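Naming follows writing order (A, B, C and D), and every chain is counted from residue 1.
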């Protein structure tokens, strides 16, 4: 990925938060915390993972489908926006 | 959509099958058929809709993100395949 | 389903709206309307179907898991609420 | 959760495997491994999380909606099976 350092830090921050959420699920199961808190923790972890996936898919669409140096202007931005918006809807 | 006539017929056949499934849900509700058959009908309708969405997204990725006449060869096919495969996984 | 007449009418209204949405997808495909409107129509149809499924699952949990005449008070309402809330989150 | 020790160990094994998958995503992002491996790692992590959620929901339905000591036989097993099967379909 030819992401800038800033993008990389943003994605890493997201995945580390997700790791923390998975560890909370693990602690809840170890403590026999009950199904309800575990289900709610899993639901938020899943939402956070969907958010990360949406970021990665968006990066992929915007930076890898077309090599902008070899083919400047070839990516149809309107079509790319529509795709990213639909993928985000499905990943919610 | 610059789909061929054959693609169009294939998509239309899919959406008509989905309409038939939705009508079956309607009849089941009218007949007070019980939650279980309704839930199963809804689950298959949803799977059929996910299949149609995957087809449309794939068409969109392969034919609209880059205008192949203006920018021949600009779409990275490997990257497009990876995207379509991930979207299909999420749409299942 | 031992739903009241009112519940039945509400569910039927939902499924008829969904049928209308599927018919709009069909018309858009017939008119070769483009992938973008089709993807957006499919995304809203899917959301409407998820809403209907959530209603049916909720009815099922509240009225069919336990026969309230044979076993009054047996369904743990707090646990049922937690389940319905998690299912709604996943069906969004 | 009044799970047996064996159930608890099974759920803990699942969540630890998921933690390992999230750590693999983190390492891939740190190594700038590319969007494609990251998307595939995220897709398998999501599938594993859906499997864990399905297990927890199933436990919840079978052991918490009705207190089997206070209300023996009150849970309609056929209705519970139908619910669990639909939830599993949606969690795939």
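Everything that follows uses one rule, which is that contacts are C-beta pairs under 8 Å (C-beta built on N, C-alpha and C of every residue); 3 or more make two chains touch, one makes a residue touch a chain.
Only a predicted model underlies this, so the values are computations on that prediction, with no experimental measurement involved.
Path length between subunit A and subunit C in the touching-chain graph (shortest route): 1. Averaged Cα coordinates give subunit C a centre that lies 23 Å from the centre of subunit D.
Averaging C-alpha coordinates per chain places the centre of subunit B 27 Å away from that of subunit D. Chain centres here are Cα means. That of subunit B falls 20 Å from that of subunit C. Shared interface positions of subunit A, defined as residues touching 2 or more other chains, are 35-36, 39, 43, 46, 53, 57, 60, 64, 79, 82-83, 86, 90. Taken chain by chain, the contacts link every pair, so each chain touches all the others. Those residues of subunit B that touch subunit C in the complex are listed here as 1, 3, 8, 11-12, 15-16, 18-19, 22-23, 25-26, 29-30, 32-36, 38-39, 42-43, 45-46, 49-50, 52-53, 56-57, 59-60, 64.
Per the touch definition, subunit D reaches subunit C in the complex via residues 53, 57, 60-61, 64-67, 70-71, 73-76, 79-80, 82-83, 86-87, 90-91. Against subunit B, the residues of subunit D that register as touching in their complex are 35-36, 39-40, 43, 46, 79, 82-83, 86, 89-90, 92.
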